[in-house]
Structure formats: structure tokens, C-alpha cells
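Input: one structure, supplied below.
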């Protein structure tokens, strides 16, 4: 990388980050997928949500077949509604990535705020927040999401809420322990001694020091949020059918797998796999670079 | 197996007088089939001992072995192997003699059932009128049941045993469908069941019936094992041992068949029909089911919850209340394309609310032809030349491809300018909301063996006092239809009864009280060498599976 | 150097290199010295000077991306460079032992002391477990651990720091090695314990006749303990000789600066002498004389590699050595 | 120690209360179980009678209080759909799920630790990198999809293993276990592997990270300086140290295995609790849902305790702290 010679922390980070070829590839794949997801309405051959564009007579066409009106080649085939799979995957990717990132971002914000408050304030507030977080962390995410969704019914908003509920405690705990470490340090006392407001101390001093581990966890959580959403959709508790995410596309095509109509499930599966694997690899590299001592998953 | 008595006795079937001697025919045919079956079974038994074992993959879980506890298909399916009913239903949905060899009306409100003589329970005791009376009383005692069988006994106001082989049942008003009701109540042994709780049935202790199989073991959620009842009055089954495996997910169920773990499965995923048809190792059986899939359409005049203008603003007037709009919607649906593509052949376009061959089917009604231009014209006439906005609701995973049906219909509606959205919900949410009238257009599937029954429940004016219209989500109401259905139900003459039912159906469907889509096909797949007649009621009965 | 006695360890032109993304780093560059039986050599230098790497090179514990790139290490005349891994393993712990800096870290926290001691015996000798345990107990007794039998079944965290280092020493002594390399074994301990251990080590070595390489940054330790001393700077030996020669007549400006920075040598009231600049790593050291950026005596010539001068077993690597008259 | 236990207990009871309240509110908000279970031919009067029979006509708070009173007496109610005590229903299926989860845990340890160790020892080698990439895949593949692939390949295409269900069981102390028969083992293999997949990946990564860290430790260097053979260094010094975090994580993951069994049981038609709970949610069988969650919470409390005990068994430093 060209930045190797300069010596700002960012340059050092970038250099270290891009020293692994797998990380470079994963980052590129992720960027590409994200770009494709963002630009889905522009690049997709069909708007898969516009019912007037679908034709039931084009259902379950193999990849490469031409639509009955002759205007479109279905590069990845069609599903049982005659929906172009390529378009459906692009739009599905959009939803999956949006759900993954939105829920993670929101959970990060909530968890960070609560964790910092806990770490900074201490006392009863701390023990209340952390007790709730601990209890929640002792339950597997899928169980919590399952119960919440079963009780609230399906929908994009609801699945995002469920995913936030599943994630926030991780960030809260990490943020708190980082805050605790920082709180003990001298500059914090100095900052307090200078009469800086607590908010300012938190924002200017605590936050930057909490961030690296949180970024790594967040990256991993985006991946797990996406696959959790897919699993919930498979169990019939996820998103509505008309605006399918990748997980729902796979589960729609699930029953076609044995009959040889593989493409309905296979291509979305591949897209999901690529997305989740790319995010995981990026997260992996981030962890190695940002904090070599952060162990575990 | 005696010939029915002549004279005042007439044999009642779903088709009434159209097949007056069906019982005799049935006997004859059954006997021949049984001989063939026994012969084949003998051959197979010689070649391989395991051949007399049958493993069947079921699509739904058996929740209780108590035959009177919960009125749901999987439980009834299983109980049908262990128990008999007074009146049996043949594969085509016709009523045939079961534990009762014949039945007749003594007067307008009294029915008499003659019991089959010499029928033995699994414990060796003989069936008598006492057991029948006990069995008819038992459903009402199971107060903990959320889905009791009391619907089939509530018409009976009095019952008595004339002699050990004759039972008389009295109804408050003339009631034609009583024999049909009697096809739903399993006859249990009074001795075994009178002090038994539901748990005793689940453990097998109280499971003493007269059916073709005896209970062997039950692993909840996994399998039920039955062994042959050699004393069965209807002839021995071809199978020594029958194992029902419960595999609710469709792909794994099919995989179990392909892998040879089961010999036969029910409810074949539509996706795999073509492949199975082409595979010489398997045989596919399809049968038009009694289940009709249709739309309930909100017909209240005021604002409907999911009807909007094209911008999404609620409409004050409900366009769906206008019969022209409902006709337009019906014309917009290409039922043939949907049957071929969405259902992959597992559907027959529908014009009735009951399947062809079922009592009360009106073949004068024709399937609405696909006519998008006509539909647009009708919409314009009704004052909606640009259509409106609508959300369709449907369950997911209740009926064959239900979620896809909703989407496909949304496609069709979109093409005539109705801007259509789709929401499918799990059953747990769906039924409650639908019942509360929270949908504008909602998908329902209904199976019944009598058209007047269906009409009463689906399009009869809802009234808690009479018990009508319990599933009339669209709140359609036409006093004429109500009157005709009422006449049908109170006709003990089955010809007259069917006549009224057909008239009522014609009237209701002309007004698009509901918009019928199709009758679904039930399907079974089995390894080569087995045959199954296919049942209109979708049940999977091991004793009707034959080695070829 | 005492040539009268047969050297146990003889290191000649040792070069140890590390391949890093920024190029090859010479952690040990052209180092030669020898230690005789019963002799104690102090290897002195700042951290990063390569003294520990020298120790690891001798032990054959240099891991990729590092490697011994050249030179010779002879133990009792036997060449260790290029020795097969299994042969080297058999020597480690048996003929050469090593003791590390932090006694808190060297013992495995989840294994009992007896396990950790007995395995060191069993790895080299075909003796029974009972015998190995006896040997372990004796070794503990020898380093002055009370109630050795009971302490054998304890876990490391049940010992104090000093005790743990004694255990490590006992392990090193178990097989009566010819050479013990001590990598700052007392740095992490408090002064009293440090002195006790120094004294004991000296005694034990004299008794057993083992040669000792004592790696340290602390000249005071060397002064009290060692026979000879070698001073390392940025991967190279800059000066070596007997303790007396090097400490009293340091020739290399670095050695001199080092001595001047030891507190006890400074007359009261005078500020401590400091070496200007940062201690370089082998990576950042300049070419030529590696000390030249920080050396008050440096001239242009120092940009070329300085020669090694020797006088009476005392040698140094400098263009401008310090002699008495310069002081 | 005792205050610790009491506090845990109080905490658990609070969790149970909150959980059950949530379920009550949720089920109440979703709909009426009677609407799903009721016979299609039932009329309004029958419907009202059934609703009354289940007590569903009473205000929610009264229903909840009644539940609490019964629960305090050990009665978690009867399943609406099955007509049997809800707890018994769940316990009936408990062994099947436990068997699946325990097998999956064993598989993940038996496969994950050696692979992770290997990757940790040779991080730069091709095999090590392959293992790590594969472990990323293990994280990323959707469980349900892999399950069907396994069925397709091993049951349908190759015909080596049965496609679904549980094999023959043998009663051991009244508990039906299937892994003791050949048939049972064959049925167990695919679902257990499917369920284990994620955890295999997890153990691989934990082990590798732990190995790499342990290899940097002074005690490993010291062990090498003692002239120990590599096998002993890795098998004893490294392994024993990394086992502590692995065992902790794996034990905590056990709860997650039981939860994820819901997916595997659906795909493989495994007659465990997971399938039951999904079906119960579908028909709003509130007593079963509540009882399931109660059992799960209790199970997790036990798991957490077991983890603490295991931790102190493995790490002598903790043991001492406890003894004091």
C-alpha cells in the first residue's frame, strides 16, 4: 500500500490491515456486495417487488432462459412467482445488509451509551444495567429473538428490534469494562480535576478508547445478525414474503433443492455465504490489527 | 356382513339416492380387494419378512391419541386406524357402513342405526349399543379440549339403545346431516374408556378400539407404531406392522422417502412432483381433495381496514361491497395458470365451495374465465377505473403453497390496476385476526363433505345464537341464501337436501360471496410396488395401502 | 580470558537474524566468547541489545522467522549450530539449562511443581517416576526450599516470586548441566531475595562445576558475581574481558558510559551520568560503529566498521578506545 | 458462597417472572389459541364455552395470578393442544434434545480442538490457513441449509445414513437413549454434526487463538529449555492452559446448542423440545411455551453453576481462591 511510508496511526492501521491478502479480497468482496445492494434499483434487471413486472408463466425458469415477453434474460433463473432471481438476490442483499447494519448500529449506540453510563456512573445504575446485560447474555441470541418475534409477529421493524435486543448487551459490557479501565487512569482524574463536564469526558476521552474492541465486536455482530435473520426467516418468523431477504429466498427455495430446481436456493445461499464470510473475515482482520490481545470468537 | 334390510330402510350416502346400493357394492369390492391384498401380502411375506412392515411419513404431528380430545386432521387420521365410526367415509367422500350396517329415519327427528354384529374390540369383548351410547356422550365430558368433537353430537337431544344392536338418536329439529356427523365420532370400548383420562389413551392403556390396527407404541413428535388386528371385521390388513413417522418439514419428508427410510409419504411438496413422476422407483397418487381454497372478501359497506386509494389513504367507502368489484377480481385471476404454475398441477380451478363429487356440488356453476379486460371494465363501471390499493392476507404454511397463492393473486390484481400488497402470517396470528375482521381480503381453505354445512359456516349470516357464519370472515349476508341452507339442513330427504344446497351455492357464488380459487389435490408418493387409492379427505390410511 | 582452563562453551562469530517485513534484522552480529568450567560470565547490555537472543541462540530456541545464520557454538567441543532438532532437544535441560527473567511466568500455572520437575528428569533419563520425584525433591532441598516433599504437590501460585525462581533454578540444576544460562533471573525480585539467590547460584555453580552465563543489564550484579564480562550493544559485543579489566579499565566509550550511570559509582551529590539518545535496536542502529550517534568521541571514521583490539585477554571494538590518560 | 447462591436464585426467580409475564402478554396480544385449535364446525356457543374452560375469558392479570399460584405449587398447567401437563410433555422430549446437544458438544470438542491446535501450531502453513478459512465458513453457513445438504448427500445420494428421525432407543435408568444402538447412532450422526458445525468452528478458533497465545508464553519457552519433547509441551503445557477458556465457552455454548437445536430438529425431524416449542408457538399453546422457557432458564442456571465448578477444577488458581 502506498500509505506504508507515512506514519499516522491511520496509515499504520491501514498498512497492517491490508497486509493480509485474504483481508484485501474479503474487503473488496464486501465493498462490491454493499455497492451492489445500494445500487440494486439501478442495476437489477427487474424490480422484484413490483408485482406487475412478474409473470407467473415465467416461474421456475432455469438460469439463462428468456422471459416470455422476450425482453429479459434470467441470468440466475426465476423463482416460483416468476421473479428474476438475480434481481431478487440484489434486493434481498439490500434488505439483509440493511437489517444487519441497522440493527448493529442501533444496538451499538444503545449498548455503548448504557455501558459508558454504567462504567462512568458506577453504583446502583451500573449494577442494574450490568445485571440485566448479564442475564440477557446468559441466553442464546436465537432464543431471545425467537421469543420476541413469536410474540410480536413478523416484519422488518420487528426483526430489527429483536436483533437489537439480542446484541446490545455485548456492547454494553465491553464499553463498561473499557470505561472502567479508562476511569482508573490518571488523565481521567486530571480531566475531572480540570472541571470538564462528565459528558465531555465521556465523549472526548472514554469513547475513543472504547472504540477498537467495539468495532471488532460490531463487525462480527453484523455477520451474525444477518445469519440470525436468515435462520429466523427459515423458521417462518422473519420477514414478509413479498420483500424477501436472502434468508427468506433460501428458505423459499429450500423445498426445491431435492427436485433439481437448485437455483432458487443456491444462488441466494451463495450470496449469503459470501456476505457473511466476507464480513467475518474483515472482522477477523480488524481484530488482529486493532487489538491483538482480544481473543476468542 | 349382511345385506342391508330392505323395506323402509334406505342407505344414506353423501350422494343420497344416486347410489342406493353403494353399500352392497362396497362390500363386494372390498372383499375382492381384500382377497387380492391377502394373496399379495402372503407372497411378500414369503419373500421377505420385512415386506409386511409399512413405514409412512406423515406431515403433521399427532398431538393426542385420545380419539375424542381434539378435532384435528392428524389425530383423526391416527384414530381411524385404531377405531371405527358408525358411518365410514370411502376414499371418494361417500358415506358407507361402518360399525353401523344401515341407518334410517324413524320419524323426522329420530334416526336409527343398526349395529354390525360380532364386531370384537382389541381386548376381545364384543361391540354393543352401550359402547356406542358411551362414545357419543364422551366428547361433551372432555371440557379441557380446545377443539372438541361436540359439534357432531350437539344435535342429539336424546339417545337410547333399542336392543344391543340398535341405537336410536333423537334431534330437536329435523336434521339431515346426522349420518355425516356420525362419521366423525369414534366408537371406543366403554369398559376400557369409562374411567380413563386422556393420559391413559396416550399411554395406550385405554386405546381399545375395533379398528384394523392395534396400538404398539407412541413416541411423541417422532413416531407411532401399530400392529395388525387379525380379528378386524373388515378383513385383515396387508401389514403386520405400521410405523408412522412424523416429519413435518416437507423437504426432509421427501428425503426420507428418497433415502428409503419410509415407504410412503403424504403431502408431497409440489416442487418435487415432476421429478417423482419421472422416477420409476416411485409411484405418485393424486386425488382432488375436499379442500377448496377461496378468498373471503370484506363486504361491509363502511371503511375496510386494508382498502386504500392508490396513494395509501384509507377509502371511506368499501369498494369490495360492490358485487361488480368482486366479479372484476374474480375475472382477473387466471386460475388455469395458477393451477399449472403456482400449484404445479396440484389444483383444479374452482367454481364451488365444495369439491366435485362432494354432496352439494353444483356443476351448473362454471369456473370464472380469465378476462382482465372484462375485469377492468367492471371496475370502471363500479367507479374505480384506476383501481385502488389493497392488501391481501393469507396464512403461511397452512394450505398447499398458500403463501405463493397469495402472491400470485396479487400479481393478477395488480394487472387490472388494483395496487396490491401481500401479508402472510403464521396461523397463530392469522386466524385470530381474521376472525376479528381485521382483514379486507383473506385466504381460507375449507374441507367439508356436505355443501350445506360449508355454506352455513362460511357464508351464512353470522349469528351466535344459531351458530351460523362462524367462519364468515367477509360477513356476507343474504337472507335468501340463509333460508335455502336452512331448508337443506332440515331435510332428511337427501335428494331434496342436496337440491336446496345447490340452489344456495348458486345464489351465493353468483354474488361472489367468496371468490373461489381452486380445489387442491392431495398427494401421496410411495415406493414402487405399493398402491393407495387416494382419499378426498386427504387422510392417509395404512389399511388402504396395498402391495401390488 | 582464562585460556588455562578448557572452555565449556565456545561461541565464534555467531550471527542470528530475523526476517521481518522491513528486512533482515541482525539481532546477534558476529559475537564471539567462551566460558570455562566453573566460570561465571556476565553478559551485559541494555534491553534490545541482543543479549537474550544470544542466550536463546545457544539454547537452540530461536524460532522462525529468526534463525542462526552463521558462526559456531561449541559445547564441550561439540558443534551445536546445525545440530538435528532431536539431538538439540536431548542436550537442552540436560547439558545446557536456562533460567528466565520472570519467575511468575516461567512456571506453568496449571501444573503442579512435581509434574513440572519430574518431566524435566523423565525427558532425559530412563528412570522411574518415584526416582524422578526423589530427584526433584532433592533439587528443591538444594536450592533452599523448606519442606520440599510437601511443596512438591503445590501449584506455582502458592509460591512467592523468590521461591518460584528457586524452583526454576532447581529445575535447571536437576540434570547437573555443564552450562546454565541465566536470563536476568533476579531482575523481577526484591533486593534481599536477589542477593540471596545470587549468592546461592554462585555457590551451586562452584560446587557442581557448571559454567554460567549471566545475562543482565545490571553492572552491579556482574561486579559481585562474575569472573568475566562481555558488554553487548545493538547486537554486537563491544568489549569483553575479566570483571576487573572491564569494570576498572573500560576501553569502549559505551562501557564507560554504562559504568558511569550506575548510581553507587557516582560520588554523592553529583548528578548521574546519562547516555544521550535512545538505545537503538538492531534494526535502527547505524552502520559502522553502532554507538556512534550517541558517542561523544565519534569521528567520521566511525562510519566504517571498527576493528577489534585486544590486550591481555581484554578486547574491545572501537576506533577511539578510552585509555587511562583520557579520563 | 451461600450468599452467591441465594443471589443467583433470586435473580433466576426474577427472570422467570419476567419471562412468564412476557409470554402471557405476548400470547394475549397475538391471538386466541382457541381460534386455531377449535373444530371448524364448532359454533359460537361452543367457542365461548371452550374459552371459558381454559380461563381465557378472565382478565389477563387474573390468568397470570392463577398461573403464579399454580406454578408455586409446581403445576405449570396443561397443554391446550396435547391435554397433558405441559412440563411432562417437555420432559418427555428432553432426553432427545439433550442427547443431540451433548453429542454435538462432544463432536465440536473432538474435532475442534485437534484442528485448532494444528492451525495454531502452523499458522502460516497451507493446512493451517485452510482450517481457518473453513472455520470462517462454519460460522457463515446457515445451519438449516447445511442440514438439508447433509441429508441430500449422505442420505439421498450416498445412502449411507438415514435422513431423519431418531433411531432405536434403549432405556437407561428410565431415560430413552439412542446412542447405544447402532441404528440410533446412525440417526444421530448427521443432526449432531449439523448442530455442532458452528461450535466446531468456534472451538477451532478458540483453540488456535489460545495455542498461539500459549506458545508465546514464558512457560512454554521454559518447557522447551527443559528439553521436553514437543508432544508433551503441546499435549500437557499448552493444552491444559487453553482448555480453561475452551471448556468455559463450550459449556456456556451448551445453552445455545439447546436453543439452536430448534433449527436442527426441524430439519431432521428430531423429536426434541425444539420442535415442540416451534409447534407450540404456532398454536399459541401458552402453558407449553411458558414451561419450556422455565425449563430453559433453570437449565441455564445449572449450566452456569457447572461452568463455575468446571472452571475451578481446571484452574488451580481459582480453586485456591474458593478454598479461602
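The first chain written gets the first letter, and so on, giving A, B, C and D; residue counts start at 1 in each chain.
Just so it is clear, a contact is a pair of C-beta atoms (placed from the backbone, for glycine too) under 8 Å apart; a residue touches a chain by one contact, two chains touch by 3 or more.
Bear in mind that the values here come from a model prediction, so they are computed numbers and not experimental data.
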Reference subunit B; chain at largest CA-centroid distance: C
A-D or B-D, whichever has more C-beta pairs in contact: B-D
Centrality ranking, top chain (CA atoms only): D
Subunit A-subunit D separation of Cα centroids, rounded to whole Å: 24
Intercentroid distance (Cα basis), subunit D paired with subunit B, Å: 39
Centre distance in Å when subunit A and subunit B are each reduced to the mean of their C-alpha atoms: 45
Averaged-CA centre spacing for the pair subunit C and subunit B, given as whole angstrom: 90
Contacts with 2+ other chains: residues of subunit D: 30, 148, 152, 156, 266, 281
Interface hub residues of subunit A, defined as touching at least two other chains: 150, 153, 254, 257-258
Subunit B: positions in contact with at least two other chains: 251, 255, 258, 426, 428-429
Every chain pair meeting the contact rule: A-B, A-D, B-D, C-D
Residues of subunit D touching subunit B in the complex: 30-50, 53-54, 78, 80-84, 89, 92-93, 96, 148, 151-152, 155-156, 159, 162-166, 169, 176, 266-269, 271-272, 275-276, 279, 281-284
Footprint of subunit C on subunit D - complex, ascending: 217-219, 221-229, 232, 236-237, 240-241, 244, 314-317, 320
Subunit D partner contacts - residues on subunit C that touch it in the complex: 59, 61, 89-94, 97-98, 100-102, 105-112, 115, 119-120, 123-124, 155, 157-158, 168, 171
Sites on subunit B touched by subunit D in the complex: 61, 63-64, 66, 69-72, 142-152, 154, 198-199, 202, 219-223, 245-249, 251-253, 255-256, 258-261, 426-429, 431-433, 435, 446, 448, 453, 457, 463-464, 466-468, 470-471
List of subunit A residues in touch with subunit D within their complex: 22, 131, 135, 138-143, 146-147, 150-153, 223-224, 227, 230-231, 234-235, 247, 250-251, 254, 257-258, 265, 269, 272-273, 276-277, 280-281, 284, 295-297
